[in-house]
Structure formats: C-alpha cells, structure tokens
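Next come two complexes, and both contain chain A; in the first it sits with chain B, in the second with chain C.
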Partner chain A sequence: MKIESNGDSLCVSEIQELTAVTSASFRDGVGYAINATTSVIEIDLAQTRFMDSSGLGALFALYRATSKRDGLVLRLLNPVPEIEQLLELTQMQQLFEIVRR
Partner chain B sequence: MKALLICPMVRPAVPRLAESGPLATAPIFGGCVVIHWIEHLAALGASQIEIIAPDGASQVREAVGNGARWGVRVSVTASSVEPTRQEALNQYHPAGEPGWLPSPHDVVVMSHLPGSPGMPLFESYGSWFSAIIAWMPLALTPASIRIAQVRPGIWVGSRARVSPTAELIAPCWIGDQASVVAGAVVGPDAILEDRSVADGTARVTRSWVGPDTFVGPMTCVANSLAWGNTLIDWRTDSLLHVPDPFLLSSLASPKAAATTDRFGRALPTKRPAEAKHGLITAMHAPLGSAADLKLHA
Partner chain C sequence: MAAPSLEPARPATLRLAFSPDIASAREVSVAIRNFLAEQGVAEKELFSYELCIAEASNNAVEYAEGPCRKLKPIAEALFTPTQIELRVTDHTAGFDLMEKIPPPPPMTDRGRGLFLIQSVMDEVRYLRGTNENILVMRKKRRTARTAVAAAGHDPGNPPSLEASHRLLAEIRVKMARMSDELLLRSETLASVFRCCAELGHIDTNTEIFEGKLLVDLLHLTSADWYVLRTLSPDGRKLQVAAASEPDLVSDPIDLPAAGGRPVGIEATVASSQTPTRFDIRESIDLSEPLRAVGPVGAGHVCPLCFGGTLVGTIAVGRRNGDFPLGRLQDEVIWAFAEFLAIQALSHRRKKTEVHSRVVARELEIARDIQHLLLPRALPQLPGFGLVGGWQSAREVGGDFYDAIALEGESLLLMIADVMGKGVPAALFATTMRGLLRGLAERSSDPSQLLSGLNRLLYKELSSVAMFITAQIVLVDLQARQLTAASAGHCPPIFIPAGRRRASTLPIRGLPLGVMPHTAYPHQTARMGSPAALLLYTDGLTDTRNSAGITYGQQRLNEWMQEQTIPGRSAMELRDRLASDLNLFRGDAEMDDDQAFLLLTEDQDGSAKRPFAAPHHFKLRHSPALFPLSS
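Up next, the complex of A and B:
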C-alpha cells in the first residue's frame, strides 16, 4: 500500500486487497496520514482485487472518521467491477463519491 | 404424438449457468428449462418425447425421470454434438412420418422458453434475465399447484413465507418454500427461486435469485443474477464470489445436497433431506397470510 500526501490531498493506492489481514494496517496508515490541513482523501482501488467485510469495515470506519470533519472529501477511485458490485451489494456506494479516471 | 427436444450445449457467453449441470437443467421458476418444455409439449398433446443431450445426459435424466409425472414417455439420448433443428429433422423425423406434433413443436432446440422464440436464453446473462422476466406470466400453468398469483403480477409459492412487513412489488415471483423476512423488498422484476431467503430489510430488484440462496440482511441485489455466493451483474457480465456468507451464500449444505437432487427433491434411495440450515427454522417470526402482505401490483 502506498500513501502519498500532496499538500492538502492524501492519495492511497497500490492496495492489493482489503481483508481481515490488511484492513487494520490500512485503517491505521490512513488515520496517521490525515492531518489538520487534509481536505481530500482519495482511495485508489484500481489494483484492489479482493475485499471482504473487514475491508468494507475499514472503508466505513474511514467514512465515519472523515464525515465528522466539515469540508473533508473522501473519494474512491477506479474500483474494478467486482469491487463495485460488492459496494452495491452492501449499499456502501451510497456513502462514497466514486470516481473513474 | 411424438416430439424431440434438443438440449443446448454450454454457451461461452453464460458459463456460470452450466456450472452445476447442463443448460437444459438450469433452474427457472421452480423447475428447469427442460421441465418447462416437457410440460408445454405435454399440454400440446405429446405422449412420447425424446431428448437429445449433448452434455450431462445423466443429469437431464435425473431431472425428468421417465416422464410419468406429466403423463408422457420420456427418453434421454446422449450425443456428442448439438444437432441443429434441421439436422435433427433429417435424422429423427423423416418427412411425412405420421404421429409427430405439428411444426415447429415437433423438433425444438431449447435455446428459448416455450412460446418465446424471440427471447433467446443463452446469448448473454442479460438475455437470460430478459427472457425469464418476460416469461414470468407464462410460467404459471394449470399443472402448477404450488404457486398462485396473489395479486396482478405477483406470484407466491403456497409454502412460501412472507412477512406482513415485507414489500412485494410487481412483477415478482416468490418460489415455493422461499422466505421474505420482515422489511425486505422484492421487486419489481425480481425472481426468488425455491427455498431462497431474502432476510430482513434486504432488497432484491431487477434480479434473479437462484434456488437455496440466502440474501443477507440489508444487502441489495440489483441488476444481478445471484446463486449461492456468486453474483453476476447481467448488464456488464461482471462476476463476484461474495466472500462473506452473511451477505450472500448458498443454503444447500453438503449433506442436503447428497440427499436431494438439484431441485430439492429427496432422492429415492437415500434418507430424506433434513433441515438445510438452522437459519431457516430460526426465522419463523410471525408471518401473515397473503391478504396481509404489502403488495404493489
């Protein structure tokens, strides 16, 4: 997983999978990287091939944490169709701004 | 009167439909493709039906038996190729031979459902879904004693359990022994096959849910074919094996699978099937009669 901070934006990419094994490090890594100036968080899911309920839980925890801060935008980028299906199945696509670039 | 049915071979566009059996035995509306065709031909007056099965002849035989339940004689012949209708006519039905159903019912390739020649079943997952949705009003035949139309466009199995607070939106089909739990929404354009469960506040819309499939609480199955833990978006053919059984999973336990056929009927030489999943028995909260249902025709 790669976390890049560029001014007020935070980009998380190269996430191979979000599962019970990796979701804690994802949640902690992103949590530590967010600072007072962060206004945009982009989670690039282009390389994410597998996600389970733990991964969904990590995304939801991030949503909960960011929704408390006014003006902080959370986006999911380029999810593969399978991950998008999982987000739709759990209705989590309603929570996130999903962007394809 | 004689008739010949030709089972379609595996089609590359819909490989998942043939994962657990030949396409002719793909489950639809409490039966399967070949069963619906036999019922149709029997209603037209057929008394002897030969089935050509290019693959899975034994599973086709298991599904149809000897045809006695429809009052016809059925035989299944294995074949290495899928003959076209014309090839089958040449080989099995010499011109002028009496005793056959009139054309085109004499020789049929089961690539569509009875009475819907313009709706191919196996060209894509989207065509499968469109074909079965269009056929829903035709699925209820005089022989269907376990399904009734409770409101216009809403068919419910006689042993289905639907919570009074569940919502059924026409057109939809709730198969025999299926369960729709409190707060769940099924429809429009939704089919819940036999013994499937839409758990509390689940939503099934523009989708087909295969037999023995559990749709978990708060999950939303939309524009999809769901069977066991497999979820296929019929618009994009995208396929997902859902990793968490509380979201989407199969209710057919290995033990039940060993004692029942693909349609949940007890196999005659083995012990009767036991309860398939503790979940089903645990879900029997107060459920109402059809008159109490929240229905939107």
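Up next, the complex of A and C:
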C-alpha cells in the first residue's frame, strides 16, 4: 500500500487486497496520514483484486471519520467491476464518490 | 489399477483444515480460489467464491470461544460442472441463519458477511451441532450446453469454434470422470468376486481372506494404511482384527453402555453406525487410537454392519493426510465394509452352528457317562433301606453317589459334587468313583479315603482349576454308628440316638483339588432307632422357588425330622423328598443337579435281621482306625 500526500490531497494506492488481514493497517495508515489541511482523500482501487466485508468495514470507518469534516472529499478511484458490484450490493456506493480515470 | 487414458478425474474436492487465525483463514480462501481456477471456473465467478469462503472462514475464527479456539475450522470446495459447493466447518456456539437476510443499511459497521454470502450463492444452509457447525453454500452452474445456448447460439445453428472447444473440453473431463468411476466400480466388484470364489475353498482361512480384501481396498482407494476392528463377543469392545502395519495395532477400545458417550473416532462410528471422515490434526483427544497413523494422518472410518447388526469398524486413509475424499471413494469403502460385515456374520453363524453341534454331542456323551456313574443297584441290606435320588438340571453336572457294602454289617457311603459341567466333570466323577473303589479295598476310614483321593486327584484337578466336594460316611449298622469325613461338602443329616430332632454333623475339610496335602478329620455319632441318614448335594438346599427363596438347611432338617417315621420305606421317603423339592421349586427353573442317598431302618429298629451284602469287599483296615463300638 502506498500513501502519498500532496498538499491538501491524500492518495492511497497499490492496495492489493482489503481484507480482515489488511484492513487494520489500511485504517491506521490512512488515519495517521490525514491532517488538518487534508481536503481530498482518494483511494485508488485499480490494483485491488479482492475485498471482503472487513475491507468494506475499513472503508466505512474512513467514511465515518471524515464525514464530520465539512468540505472533505472522499473518492474511490477505478474499482474493478467485482468490487464495484460489491459496493453496489451493500449500497455503500452511496457513501463515496466513485471515479474512473 | 491401470490409469485412465483421459484426463485424471480424482474427485474435484479440496478440504483444508486451518489454524484458527485470520491470516490462515485468508490463505485458505486464496487456496480455494486457486483450486476452483484450476477446475476452469471463470475469473468473474472466482471473486464470489473467494468472498464466500473468506466471510465464512473469518466468522469461524472470530466467533470461536474458550477451548474451541484451539480447534481447527475446515474449509471445503466441491466442484462439479453443474454445481459448486463450499463448506466451512466452525467450532463456535453457532447462530440462527435467517432464510433471507435483508440488505444491511450502508451506515452500518457490521453484518455484511452473511448478507453477501446469501446474495452471491443460490442456496445457503447452516447445519448446527454441538460446538461444530457447517455452513454449506451452493451455487448452480450453467452446463456446457446451456452455456453455449446462453452465449447466443440457436441450438439449430452450429456453435462458434471457441464454444465448441469449451464444450469438447468439458465433455472430455466428464468422460474421464465416468471412465474412472466405472474402472473403480469394476475393480471393486472384481475384488469381491475373487474373494467370493476363494471363500468356496474349504481350506480358506478367514484372516487370509480379510487380508487380501483389505489390500485390494487400499489399492482402490489410494490409501496406505487400514485398521480392521471387530466387536468382542460381549459387544463391549472393539478389538483390532487386522492392521496394515504392526504399529497400528492398539488396545481394544471400550464401547459405552446404552446412552453413554463413546470416546474416540472408531467408537463413535460403531455407536452411531455412521461412517465419518477424519483428519487427525482436528482431534484434540490425545488418547485417540488413530493417532498411531501419524500427526497428519487422515482417512475414513466406516462401521461394519449388516441388517442393523454391528460387526466392527474399518478405518482406511493416508499417513500424510492427503487422502482423496469424494463420493466415489466413500461408496467403495462402504461397499467393502458391507461385504466384510456379511462375510463376518456368515462366518460367525457357521461357527455357532458347529459349536451347537459340538455342545449337543458333548452333552449326550456326558449324560451317558453320568448315567453309568450312578450305581444301577445299591446294596440292599436286611432291615435297612438304602435309596438314591438324582435329578439333573438342564446341563449335565458332576453330582454322583456310591455305596459299598463292607464286611461286618458296615456300609461305605459316598456323595460328591464335581465343580463344573459337561464331559470334564463327568470324567472326573468316573475317575473318582474308580479310585474310591480301589482305595476302599485297603481302608474304609473316611479320613484316609478322602486324603488318598485328594492326593491322587490333586494334580489333574488343579491343572484345570477344578475341585470336588465330597463326603464319605462309614456306617456300622449294628452299632448304628456313623464315622464321617467331609471335603467341603454339605453336612450329613441324621436322627441322633435318644432324640427326635434331626441333627447335622458339622465336619470341616477342604474340597479335593485345592491343596496337595490335606488332612480330613472325621467325626463320629450314634444314630437313633429307627435309623435315618441323609447324604445330599447342595442342589437340594439351594433349590430356589420363583420368589427367590431357597429350600435351605433348616427346611431339609425339618423334613428329615417329620418324614422319617416308622413304617415308611426308604423308597417312599425318596419319592416324598423329590416331590417336596419339586413342590417347593414350583415354576422356577432348576439351577443345579440334585443328588442324595437316604438310609433308613425298615422297622422300628428293635428287630434286627441277618445282614447280607450284595457287593462284598474284603477290608484290610486296622481296628485302631475304626474306633467303633458295637
């Protein structure tokens, strides 16, 4: 997993999978990287081949932590079709801005 | 077994027990994904199956509590072209699975796992047990034909080249599987027929037959060990009858009484009469006998039963844990188990028949011997009556009596009870009778006679752990004097001189065959007039009625006192005693033989008749040994 901070934006990428094994490190890693000036968080899921309900739980925890900050944008980038279906099935696509680039 | 020429078609099943932690659960879901990929499952489907195994495995780890946290959950995948079945066995308290879980609201933190499983699979069932539950997840797959049709091809039009290749590949897999199944079934049948043919030979040894059959079973199921256990005759233990290697032979396994909990895999299979698969890594019981197959052994345990009758168990498997599991393997093992059970039951029935015939013949011989043992005629003495009574229980026993007339109006009476039944008891009785008659030519002292009999019979009796209780009474009819010695036998009953109360002579002595050198002290007593003396075996006093009450010593004494009155012949008294015993016993079964010798005086004892002994033995005893007064 790679976390890049560029001014007020934070980009998390190279996430191979988001599962019960990796969700805690994802949550903690991203949590530490967010600072007071962060206004955009982009989670790049292009390389994420697998995600389970714990991974969904980690995304939901991130949403909950950031939703209280006005103006902070949380985006999910380029999810593979299977993960996009997973987000739709659990109606979590309502919580995030999903962007394809 | 020749390998099939087409693609090998081992059952497309993967079964993995994993350590109860999240990292291992993840490894298992990846392994199952890869396994399904090898079976040709499309990439887009694989995500769903991986997700289901991951969710179920995570739950199995997360919700295990207490000692169950040490137990390994199991993940399984069963692939067929038309269906994929996933199973996860957990060791948790379990939960109630709703028929249709509603979608959890997006703002929820938990509860998505089971919803996802139900969403992607066609059928989800949760089988609950005690600290062991199985989540079964099934998904129907489109067959090659429907896949082709679904791909947009009209059945009337030729399919695309790609679809045809796919269809051909699936048909090849199917044919290879059918070919393998046919081969396995025909090998099973061939093995069974071979064994049936061998059973036709008269000299076929059952153990050799079982061994050959079990080796065939190993080949057919790719197993590398087996343990055959048979039920002990009392039905309480499973003992090893055959094992592929000596290190697999372990102690008999106890089976619980009705309602009890069996301990160990084989005992559980025997008690439930239900086959099971096992992986020794999942067993927490350190005393499990199948641990002998090694720390990672796995296999199948099947009960040997036919028509509801349990005969034993058969366990087969592989020491390195990669025992192929599948429906076909199960069926082959079941077929062998049933065949073995039938053969074992048939063998047992034959043995029982032979044994019954032997027992019946032995009984016949023993009855003949016993009949010869009892004197055809007892010495008939002027003025006295001597009668014997004998009644046999169902089995032939060793009760017998004898009477020898001696010089000088004396009688030597003997009654004995050989411990045991059948031919051995009857043979000892015959030997003893012969020995007594030989010894009586040299001495008529009951003490000396019993010591002599014990000395001569001790070695043979003790070598077969048998003993004889016996009593010898020398009766001087003129003096009405009794001299009696006893080898652990019931005390004789008589009416003493000057009294009308029956009395016993409480003489002590060890039974014959217990100690090599034993003294048998004698006692003397004077009989009253008219004389009455009863020698008997414990079959009389131990006669039991249906209420469980025994006839007893006191009742027998009272009978003597009341019945032996002047004017009643010995024969009449014998019939009265037999009748009284039968009346007392009523409908109850006779437990033991009954034998007795009854000596009475015909008249009131005042008139004496000349004595004549039909069987005359010349006595050579010292007068000092007979302190009898006339």
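Basically, the second predicted complex is superposed on the first by the 101 of 101 C-alpha atoms of A that agree within 3 Å, B and C clash if a C-alpha of one lies under 4 Å from a C-alpha of the other, contacts with A are read in each partner's own complex, and residues count from 1 in each chain.
The rule is short, and it goes like this: contacts are C-beta pairs under 8 Å (C-beta built on N, C-alpha and C of every residue); 3 or more make two chains touch, one makes a residue touch a chain.
Being a predicted model, the structure only gives us computed values, none of them experimental.
In this superposed model built on chain A, chain B and chain C take up the same space, so to speak, and clash.
Put simply, more of the residues of chain A are touched by C, taking chain B and chain C as the two choices.
Within the superposed three-chain model, A:Pro81 lies in touch with chain B and with chain C [touch as defined at top]. Contacts of A:Ser53 after superposition on the shared chain: both chain B and chain C are touched. When the shared chain is aligned, chain C comes close enough to touch A:Leu95, but chain B does not.
Once the two complexes are overlaid on the shared chain, A:Val21 sits against chain C while remaining clear of chain B.
Applying the stated contact rule after C-alpha superposition, one finds that A:Asn35 touches neither chain B nor chain C. Clashing C-alpha atoms with chain B after superposition occur in a single stretch of chain C, namely 98-106 (options considered: 62-70, 98-106, 188-196 or 404-412). Overlap of the chain B and chain C interfaces on chain A comprises residues 50, 52-53, 81-82, 86, 89-91. Residue ranges on chain A touching chain C, taken from their complex, read 19-21, 50, 52-54, 56-57, 60-61, 81-82, 86, 89-92, 94-95.
Within the complex, the chain C residues that touch chain A are 22-23, 25-26, 44, 47-48, 50-51, 54-55, 58, 103-110, 112-113, 115-116, 119. On the side of chain B, the complex with chain A involves touching residues 218-222, 224, 231, 233, 236, 238-240, 242-244, 246-248.
Partner chain B is touched in their complex by these residues of chain A: 50-53, 81-82, 84-86, 88-91.
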